[in-house]
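Have a look at this one.
We call the chains A, B, C, D and E, going by the order they appear; numbering starts again at 1 in every chain.
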Amino acid sequence: MTGDALRVVGVAKRFGALTALRDVNLHVAKGEVLGLIGDNGAGKSTLMKIICGFHRPDAGQIVVDGTEVVLRSVDHARSLGIDTVYQDLALVNELSVYHNMFLNRELVRWPLLNNRAMRRRAEEHLRDMGVNLPDVTVEVAKLSGGQRQAIAVARSVYSDARILLLDEPLAAMGAKEGTLILDLIRDLKERGEVSIIIIAHNYAQVLDVCDRVNLLQHGEITFDKRATDTSLEELTELVVAEYRTSRNRRRHA
Amino acid sequence: MTGDALRVVGVAKRFGALTALRDVNLHVAKGEVLGLIGDNGAGKSTLMKIICGFHRPDAGQIVVDGTEVVLRSVDHARSLGIDTVYQDLALVNELSVYHNMFLNRELVRWPLLNNRAMRRRAEEHLRDMGVNLPDVTVEVAKLSGGQRQAIAVARSVYSDARILLLDEPLAAMGAKEGTLILDLIRDLKERGEVSIIIIAHNYAQVLDVCDRVNLLQHGEITFDKRATDTSLEELTELVVAEYRTSRNRRRHA
Amino acid sequence: MADPAVAEVRAGRRGPALTAGRRVLDGFLRRREASVLLVALGLMIYFRWASPVFLTRNNLVNIAQATAPVAIVAVGIVLLLVSGEIDLSVGIVAALAPFLLHFAIDFYGQPVLVGLLLALLISAGIGLVNGLIVTKLKVPSFVTTLGTFFAVQGILLITSHAYPVPIPEPAKGTWQTWLGAGPWASITWAIVIVAIFHVILTRTRWGLHTISVGGNPVGATEAGIRASRIKIGNFMVTSTLGGLVGIMEAFRINTIDPNIGGGTTLTFYAISAAVIGGTALAGGSGTIVGAFLGALVLAELQNGFNLIGYSANTIYLILGLAILVSMIANQYLSRLRRAGGT
Amino acid sequence: MADPAVAEVRAGRRGPALTAGRRVLDGFLRRREASVLLVALGLMIYFRWASPVFLTRNNLVNIAQATAPVAIVAVGIVLLLVSGEIDLSVGIVAALAPFLLHFAIDFYGQPVLVGLLLALLISAGIGLVNGLIVTKLKVPSFVTTLGTFFAVQGILLITSHAYPVPIPEPAKGTWQTWLGAGPWASITWAIVIVAIFHVILTRTRWGLHTISVGGNPVGATEAGIRASRIKIGNFMVTSTLGGLVGIMEAFRINTIDPNIGGGTTLTFYAISAAVIGGTALAGGSGTIVGAFLGALVLAELQNGFNLIGYSANTIYLILGLAILVSMIANQYLSRLRRAGGT
Amino acid sequence: SPQQDDEPTGGAGNFPETPKWKFTFVNHVTTNPFFTPTQYGMEDAATLLGIEKPQWTGSQNSIVAEMVNATNTAISAKVDGIAIAVVDQNAFRGPVDQALDAGIPVVSYNADGARADTGTNRLAYIGQGLYESGYALGQRALQQVESGEVVGFIATPGALNIQPRIDGAQQAIKDSGKAVTFTAVATNADVTRGLSIIDAYAQGHQNLAGMLAVDAGSTSSVGQTVKKYDMRAKSLKVAGGFDLIPETLTGIQEGSLDYTIDQQPYLQGFLPVVYLYLYKLSGGLMAPSETNTGLLFVTKENVAPYQSTKTRYQGSATDQVLVPRSGPIPHG
């Protein structure tokens, strides 16, 4: 396992009375794309937020490149090369598109911001993702749902992160834009230097782009297979089976 | 066309210098489910917000049950039986799950809220949608993305609306929960009293549940076919074709 | 509770042998107001230890009388803050209202009740003006109410000639006693008003919509809530309560003084009480009972240190440090509460 | 501009024959500060019409001197409001700083420059304390700075014996002239400070992060922005500017008075200037140039009506109404601007 | 200059026709009830002399900078005369010199710099020093107190209209050499909170020998507290303060308060107008003269007329009335 870019060992997280994660073990090799699936409220986003330093785990370890790290902050995780697309996007409505796209990683011509360079690069990125925007100087508050998500995705995908955490990056994307973003992810994967965890509810997309698929259930990883060894049907069945038994349990309770 | 529950005639909407909708014409028959697709930023949500009384159109008419109406407010649209699931969900983070689910349609035992009844009904609804929640008394700020969306969907789907506008209601839903919500929509459809417009980027789901599909492009409806007359491939091709020509145009510019 | 697994976890954590006492304690600690209440109790213990007269009847009356006006105004302030607005003019409305009463009774010969209603009606009218300007003309409430603050102050000073007058004869006696002069009168009013508005904020549509309008203004409008109506209403409630407090205070101090409320002082204390009680300045969340306790904490601090007898200059230092210490303790307690609770 | 269709629409709307003048006007109107500037100009025209001396050199000096202190404090207040906090203590820091200068020079024989730096350093220290309590101990800034307000007031009154002292001899002459007594000294400082911080807020990472922290606190943290550092920094800037203003005002009025800043009055005016200029109390958005113009509007109103000769009681009524009218006009203008602009 | 532009009007009384001169009063607490009679005095003098009603401006909360701004504005407006309450020894030197340079006569009223230094080059001072009146407050209390604890209440410590009074009272007690301890205690700008604070202090200090106050609100609150706890029956030997608001007079009459000091604020408004008028009228030949408006102790003996008649001269009414009196005038 020494080749793993990231390992999560025995991670647990409670919110007050609610146990979101019980004992999560997970690993991603260098250059690997891991798909993480699970029901709504299964704890996927919570796990991402632990790996990126936003939440502290109640127990367990994060191992980056074979070294255990205790993440003090998101900034700290970033300095280790971990970058995240959050499900809530983490955009600042009051700022322009290009400022959001470079948030906390601004291009600077000291002491001032290099707005021109950021604007140019932002336009390029959005074009590559096939996203139409009125203007990159517009405030993100005025954008459509998909446009907003595109900005959040671009922010991380075009960073030089070594470990990318993508929490439902395609949820609001159109068919065309979604395809282009998947292409981008495939590009990154081909270069073989970035490890990616991607959360998605669209299993077709997951199978399309991932090397391996994990299922998070009851606060644990209960399923771990290579994408080539499983199928859309199996994944769907897995989730629905769980639903059927829980429904039965409820009926009998 | 007298059978139409809702008709939109020549609607246009500008935001400052940006023309979001140019000339939209659209109709939904009673009991019909209309799928509305289009690129990110095409203006789908803007159109919904005009139909539900949140935005005023710059031009054009809204005709409900054959009568032209000028919607003064969301409240006014609601009184005509129009209810909406917004893409941004319109949840109040500070309120509990069940209060959000009955927002502005609270159950009251005058002068007080009937919290117990709301709680019970909220639990029922969520169970029917297969959504796991720690507790319906929890604040929605603490919920996962899918749980939040489920609340917004439940709010409208279980209202007695006659015209339902669903703006990407499944974007954050898990495979299981998504299926169950589609079932619910099908139930409504079968009862034949509710007209539904549903926006989605997952064309498989669109074809699965809709009677008819419209494509919104450049501020106009450019495609209108019965779901049985079209296919996943055709819809995808439509969008990607548009993308290819625009990319070529840019190359040659 | 949709998921049995989750339910199980919750039950498991609390343990099976949950005694009744423990459950009451738990229920108490889960309330948002718990931490301020503990601070208020802590101060009580400290001051009782520092000065034996702190808990005598007379001094409790004094604390009650200092708590009541701030608490009543804070009720309105909480409603406004929760709905995302603020009112700086309420203190000056408090100064104007007793003069209105005096004009109605002494100059126009109206009966006390009519004078009272008129004074409250005009107070409500000022709130209505505030609300209309804020919601219809979209002027931020801070400057709107700054404007009405000055305007009402002008009216007050012009009509009163900046000079105090005695309580109108017909209002003396029963009216005066019940509406402020009686030792427990003002606190009783405060408790009743706090109770009523606590129910309104937490158990009625009005309250829910107030929270919604402040918590997610766009979302609330999307849900069809009429934000303007809610805000205007809350402005009117605040001004009316301000007027009531002014009249009560005039009755208590037995003189109608243009300086009742001290310009913005009363408003300031009321906002402080609200914030101490746990209301967010940014809107969307607040508790009226908390604001009452906040007012109590402020009154205790002021009373306690004066009882001990700090001199003019020193007391500010002590008071400032005490506010900081109490609030740090408050914050610490409520973090404990959250960690343990839901 | 990703979509050529959209670009087309934009160009089409503006028309091909866009003259240079029109473009400059457009550029001006698109700025957020445009509407307050128009209000300030409108008032200037009105008062010039009402009193021919309004625009004489002497009176412009008066207006400048009344604008400067409020504008400088408002710079800090804007930074804090934008980052989602508030500081009530800055006015009392303004009162303390000149005394610190006096102590350093007259009691400890320090040179003026050292005294000045010491005074500003201690002011910054008060800001640091505010910032630490707010960010590390999570006490809301309203009550934290209320606490430091009282505490600093106590220290001020104890050390100064609540009595004014003259400007230290060594500081008279050049220092005093450049730092406040010169007719245009304070406004020059104000303009320089406003310019610098305008650039900081709009063109540096610090400014961007200030906006982020106030606009979306959770999102900013998710993006790895260290909210505490930003907030603490802004508290320190505010207190330091408060200290500087206090010293400048002392130099200008030629006396070190414990009531410089009038307790919360200066703070209050600064917040008003910020809000009038277009800063949201709720955080995330604000303009420093706007706050400067807001301070100018307030100074014009105060000066103009005094010049016309209104007396105290009446002036409040007039001032209140004028604030309301100006702000309604302001709102109306900025709605026009938004409808026409981007 | 605007005087010449103005159309001269019919002169008042025996005076020749003069322009409608406009004077400005710069005050430190413009809305304080203490100065309500001052404003009446200033108005009445102006009416008497057929000139414009003077402007009443300055600061509401004794902020010197605002007073300086108001003074400078008056100079810019080229008013015909200025009266300033010089509450700060240093702040007004420059503005007063400027006014004099501009040919505007300036007098001070109510406050005149510090004891040793008037602080400005004003032509004359009309009033009675704040510090001196505070000193008198203390001295009078010492007639009834030999030893023990005396407290002095002050609404806003550091505020220039009242801080000198409490400093004076403290000095008087110190100068007496008696075994009396004096504590200054802050009340509040809000009178209602002030009452609560005085109440609390009284409860914490049951064996007070004296209770003094230096502002109108605190004085009436002292009276109410003394009455509420029947402190005269305990160790309290003296209670006194300032100003003549109704509740204070009630306190005097009921015996809860021993005395209150009347600083004759009406004269502080009336006389400056007359002096400035005469200065203008005589082309500067009649220089304003220093006038001590004195102070008057109102006690149980002489409180009756204050209570029975509401007059403009005390501020308690707006109407112009003739107050009849008869009998011998008390004297020493």
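Throughout what follows, contacts are C-beta pairs under 8 Å (C-beta built on N, C-alpha and C of every residue); 3 or more make two chains touch, one makes a residue touch a chain.
A quick note: this is a predicted structure, and the numbers were derived from the prediction, not measured.
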Walk from subunit A over to subunit E along touching chains and report the minimum step count. 2
Most widely separated chain from subunit C, with each centre as the mean of CA atoms: A
If you tally the C-beta contacts, which comes out ahead, D-E or B-C? D-E
So what's the Cα centroid distance for subunit B and subunit E, whole Å? 72
Chain centres from averaged Cα atoms put subunit A and subunit C apart, in whole Å, by 46
If you average the CA atoms of subunit C and of subunit D, how far apart do the two points sit, in angstrom? 30
Which parts of subunit C, given as residue numbers and ranges, touch two or more other chains? 3, 6, 10, 153, 157, 162, 312-313, 315-316, 342
Going through subunit A residue by residue, note those that touch at least 2 other chains and give them in order. 17-18, 41, 88, 127, 131-134, 250
Give the residues of subunit E that touch two or more other chains, as numbers and ranges in rising order. 31, 60, 157
Would you tell me which residues of subunit B are touching subunit A in their complex? 15, 17-18, 37-42, 44-46, 87-88, 127, 130-134, 142-147, 150, 168, 171-179, 201-203, 235-236, 239-240, 242-243, 247, 250
In the complex, go through subunit C and note every residue touching subunit B. 1-3, 6, 10, 199, 203-205, 208-209, 211-212, 215-216, 218-226, 284-285, 342
Sort out for me which residues of subunit E touch subunit C in the complex. 31-33, 35-36, 60, 154, 157, 166, 183-186, 188-193, 195-197, 199-201, 203-206, 217, 220-221, 224, 229, 245-247, 315-316, 318
Residues of subunit D defined as touching subunit C within the complex: 84, 86, 133, 137-140, 142-144, 146-155, 157-158, 161-162, 264, 268, 271-272, 275-276, 280-283, 312-321, 323-324, 327-328, 330-332, 335
Which bits of subunit D are touching subunit E when the two form their complex? 51, 53, 56, 58-59, 61-62, 65-66, 69, 156-157, 160, 162-164, 166-167, 249, 252-255, 257-263, 265, 302-303, 306-307, 309-313, 315
